[in-house]
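For clarity, chains are labelled A, B, C, D and E in written order, and residue numbers in each chain start from 1.
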Amino acid sequence: MRSILPILTVLLAIVAVWYAAAVWMNSTWTYDQAARAGVEVTFGEVVADTLAQERPVLPAPHQVAKGLWDGLFGQKVTSKRSLVYHGWITLSATLLGFAIGTVMGIALAVGIVHNRAMDMSVMPWAIASQTIPILAIAPMIIVVMNALGLQGLVPKSIISAYLSFFPVVVGMVKGLRSPDAMQLDLLRTYNASAADVLLKLRLPASLPYLFASLKVGVAASLVGAIVGELPTGAVAGLGARLLSGSYYGQTVLIWAALFAAAIVAAGLVMLIGLIERISLRRMGLAR
Amino acid sequence: MKDTTTSAVIEARGLGLTFETNDGPVRALTDVDLSIGKGEFVSFIGPSGCGKTTFLRCVAALEHPTTGTLSVNGMSADAARQARAYGYVFQAAGLYPWRTIAGNIRLPLEIMGFSRADQEERIERVLSLVDLEGFGKKYPWQLSGGMQQRASIARALAFDADILLMDEPFGALDEIVRDRLNEELLKLWARTEKTIGFVTHSIPEAVYLSTRIVVMSPRPGRITDVIESTLPRERPLDIRDTPEFIAIAHRVREGLRAGHGDEV
Amino acid sequence: MKDTTTSAVIEARGLGLTFETNDGPVRALTDVDLSIGKGEFVSFIGPSGCGKTTFLRCVAALEHPTTGTLSVNGMSADAARQARAYGYVFQAAGLYPWRTIAGNIRLPLEIMGFSRADQEERIERVLSLVDLEGFGKKYPWQLSGGMQQRASIARALAFDADILLMDEPFGALDEIVRDRLNEELLKLWARTEKTIGFVTHSIPEAVYLSTRIVVMSPRPGRITDVIESTLPRERPLDIRDTPEFIAIAHRVREGLRAGHGDEV
Amino acid sequence: MSGAAISPGWIVAAVIAAGAAFVDLRLAMLLALWLGAWFVNARLSRLKGPLPRWLVPAIFGLTLLALWELAVRLFGISPVILPAPSAIAARIAGSLPILWADFVQTALKGALTGYVLGCGAAVAVAVLIDRSAFLQRGLLPVGNFVAALPIVGIAPIMVMWFGFDWQSKAAVVIVMVFFPVLVNMVAGLKATEPMQRDLMATYHASYWQTLWKLRFPAALPFLFNGLKIATTLALIGAIVAEFFGSPIVGMGFRINASIGQLSLDMIWAEIAVAALAGSAFYGLVGFIERRVTFWHPSQRR
Amino acid sequence: EDVTLQLKWVTQAQFAGYYVAKDQGFYDEEGLNVTILPGGPDVAPTQVIAGGGADVVVDWMPSALAAREKGLALVNIAQPFKSSGMQLTCLKESGVATPADFKGKTLGVWFGGNEYPFLNWMGKLGYATDGSPDGVTVLKQGFNVDPLLQKQAACISTMTYNEYWQVIDAGITPDQLVNFNYTQEGVATLEDGLYVMEDNLKDPAFEEKMVKFVRASMKGWKWAEEHPDDAAMIVLDNDDTGAQTEKHQKRMMGEVAKLTAGSNGALDEGDYQRTVDALMSGGSDAVITKAPEGAWTHQITDKALQ
């Protein structure tokens, strides 16, 4: 609750800057149109016009808010014009992808930490895999998966997992290696098995890294899910909304979809933050 | 021949260890010859940096000697570690911050597969042995330095290994508690016939506890003197006022001073 | 009236501190009344967990008392901290792993804006004071436990604060080094007229060093006895064999035992 | 560990390969190649010295390429679905000037500029957030929100705002790398121990002194996590942003234009350049990390 | 029988015929169960059909022929679009009135297989497209008309039925614009045709299926031409993104009807030859280097249109 005031302050500042920027960025069009029509415009008219354009360069906050409101609450959630409907489609692919990516990422990190051969060979190629522009191979992934008889949620989730596993690997490799020498030595004196070292030392010690990675990973998952929507003809989901808004120059629609996506992402990140706080507290690490 | 090797629980011959560091090698141990028999209580004393910790770590197979041979329980140090032959108390408490005190003591018990009931029972016992009843549910950072150290002693005692390696376990304790724990340790030793390697900086403590006192000296770390204690096994606290005790303590102090002398 | 407050460097009245923990409050300090004058050397002794560290932390304004008042140098503890009135030696070494030993000692000097040349000179001086010449370029993990502790003492001495708060600084050192450092500390104290608060577990150390010895007792942490030393300011090491010394030590031991008694 | 060479795992693997031979001989060949290479690598990785550091990943990569080539040939995969590595190599050799021009446009101008600015901004904001509890509570949620905007949505907007050239790509990269670096840096700035902070308090170190001498070094292991993840994101970001409008040069442009021509060899040639550049960039950041966080347990194996 | 159709672009009136055929039950009458997959900027229909993701695709002839030369044997089995709808739309105020004014100007072009007619045209006009001073500056344009509105480009590519109207809707009047229609400039290439894999055609069952499909699809197209508003509504019903507007789709249907008018589905050999000539005339930039063989067939339409 204490955060309400700061958030509001920051939001207010942003909205103020935003309005100013909207007037500034959209005024070119206003002046151009006036020149084309051969009329003079006063500053007041310019301001009024810039905040109500149909295809603004930067839509005014209230325009986006209205677009968001219409999209979220303006219709039945099952309607194709509802952002809730599209958001849900994207969210489900995100969650599945995130789950796959996280499990894969942790598994790979565990392998890398425990196996020298894997450490040396997998990591460079995991890095290389991430430099492949996803939008370029997404269509191929979809085509190949399609040939394997997989359609719908799964191919999108695979792309989403592909983007999210990497931050998890990088963070977890570091986290799993973060216990100091004495903490490891202690377990060696017990001749603890590798599994024990993992479960009782490396995993708990890696938690701060894990949560930082998960936050990045879940945001990446969402991007992956949205990207994954494009090569399937972008029929539904926030990615489809973004793209179709873009085709028809419906700037407000783009921004509303963009905000919906960001709300989903921020919600997921906050959820992970919450889990982080709870688990750190339960482990006595929150001080 | 066979006899001597089986009775020597820890046997070091020409042991040496050199660390490579950013500004040249550091000879932490050279030419250490030492044989510790079953049921002995051997203390290591010497100026800081003389290699006491390093030697204990070699015995525990946490460090690998660069020269010489070392056997523990008739096998290699590593094999002994794998047979869980010893309990080790580190110089710093090293409790896991995400586990409560009881959880920290439970750690080795879980790993070694003790039953749940047995775990609880042992935790209770060692907590009271080190005077920490009622602190089981606290986290390490909620304890004072001395309490943390006692918790780490409790952790090493919990699983009853035959060999105990203790690196300045009582360093952060006041005299009274220290006396009490010294007595407890002696009782435990007498009862269980454990073999104990014990690093300390206190001469009276070394003399009071040990059957043998190893005096070490630094740069390079080596053994300069080994003093056999002539005190009886049964040792009430006031044995420390006997002339015999004072004589041994004197000899240790001389040894220590000599070690310091040739370098300061 | 004015006079007494200015001459008391540290003045605690009815000081109390209670920690809130997951299983109930812990009363670490209650009703502590203590006044330490300029140039005094006050030792704190008591069983582990009795609140010695907590008291020192209150004086250093690292912990905030829940009841009572505390003034340092005539101002609030926090103001004194901000005036960099003291050097603090923690119970654990707490060196920064990314700095060499010299770098760690340089840390407060950088922060307090000493000139480069002055820094080098001071580092050299304190390194030799704690017998660590030649280890300036090593990293903390390359040092033994005792060496790390000495490095942390050097760090606190480097910037010459008027008040020194030392939490078991010599805990991990052997008797010889400890004696030497005790002597050095006394010399430093005599030379500089610093006010020193010193936590120790060693009764002889407390008696040898202090002008006053504060005996504490746990649960709840409180002062049970304050013993004025009648020893002269000039103290050769062999003062420890004088009857006067032994008498004071005896009184301290009795006080300690009493503190233990009413809880065990 | 030492017995791994003939451990049950290997026997199981061999049996699987043999079993596969009954199903499909081609599959068995691929499996056998894979297992053989892994076996060699498992051996090599136990050697000491700098050689395995390079050899092992190289063998691993070559194996992947060999498997790929073999699979394409054995299963007769159409070159418009997946070209063979040999075809890609031929294309690379034949198009060096184009690839270089694209690389300069996308990787150097777009990705690198954006990376530097974005990471810098994230570190600065992390410090700001850390500095004031007010901002911490106000800015972090808003920052989470703004920085989680999906690239697909922001790229067209950036093109509209900053034009078709590399500036808009750099802007996309800034937004993309911002979040991972921010999150890691914020976590890193929290990662000091109470006693380390207390020590600074006893010196009455100023905020900036504490930041510079304690929290920043302590945050470095986390920061580098973010910086490493950001290297790959920067490249993807710059390339993908070109899909939404670009001059007729650039890696993303080339990939996008080649899809219509079904020149998959060209697409993969660009991907190869991206992978190479990305790995080199990542390697560089990793190298710097090893240099400056040498003291962290994870670097002291 | 199942048929999967991959479109070249998103669900819009450009593909009304197929949606109408499905909605009005024309496919059902033929006993076909047709799945229509929308496309988009990230969907290359050629790749989808190569990967087995579709039986038949809607594509433009330049990219189909380019794919054929790359070894993907695509065959045109029907050509519902008679004329080309592509044009270059310029703002008058940027100083473009005739092709002679292009020099030094920035022109927006769609890539991804759609750039060939443009490159061919520039070749004919003698403009370099590599950024050299005497030529034109080419931008790979995104998917909307913003570059024109923001004056980032003097001209952009538009379709008569889509982007052009977006410019108008944005508030620019037709008299402030100059249009260069590819057909009028004599560089038109054939647009939306139906393509299948050559090998499949040898299978009589597949052939039979395609006959039914083309017949029903053309029926759909002709229905759409006659009922443009209803067709637009059918398209809207099938748009899963919910981003299309009624006004825009109705107008698009009206324009699309002009392009499909005059085609009964069978490919006109003359049109084909013009397209091939245009594509081969590009010199070093030529899209195809040799005249394609067997790139089209009347085998299906002949049977379908009996």
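By our rule, a residue touches a chain if its C-beta (ideal position, glycine included) is under 8 Å from a C-beta of that chain, and two chains touch if they have at least 3 such contacts.
Bear in mind the structure is a predicted one, so any value in this text is a computation, not a measurement.
Counting only chains that touch, the fewest steps needed to get from subunit A to subunit C is 2. Counting hops only between chains that touch, subunit A reaches subunit E in a minimum of 1. Chain centres computed from CA atoms place E at the largest separation from subunit C. Ranked by C-beta contact pairs, the top interface belongs to chains A-D.
Separating the CA-averaged centres of subunit C and subunit D is a span of 51 Å.
Chain geometry summary: the mean Cα position of subunit B and that of subunit D are 48 Å apart. Centre-to-centre separation between subunit D and subunit E, using Cα means, comes to 38 Å. Averaged C-alpha coordinates give centres for subunit B and subunit E that are 84 Å from one another.
Shown for subunit B are the residues that touch two or more other chains, namely 92, 139, 141.
With touch defined as above, residues shared between interfaces to two or more other chains in subunit D number as follows: 81, 156, 160, 194, 243-244, 256, 259, 296, 300.
Across the assembly, subunit E contributes 41-42, 44, 47, 50-51, 142-144, 146, 150 as residues in contact with two or more other chains. Applying the touch definition to every pair of chains gives A-B, A-D, A-E, B-C, C-D, D-E. Of all residues in subunit D, those touching subunit C in their complex are 193, 195-196, 198-206, 209, 213-214, 217, 220, 293, 295-296, 300. Across the complex, subunit D meets subunit E through its residues 78-81, 156, 159-160, 163-164, 242-248, 253, 256-257, 259-263. Against subunit B, the residues of subunit C that register as touching in their complex are 19, 21-23, 26, 45-50, 52-54, 91-92, 131, 137-139, 142-147, 149-150, 167-168, 171-178, 201-203, 253, 256-257, 260, 264. Taken in their complex, subunit A has these residues touching subunit B: 182-183, 185-193, 196, 200-201, 204-205, 207, 283-285, 287. Residue ranges of subunit E in contact with subunit A, taken from their complex: 7, 10-11, 37-44, 47-48, 50-53, 93, 142-146, 149-151, 166, 169-173, 176, 239-245, 248.
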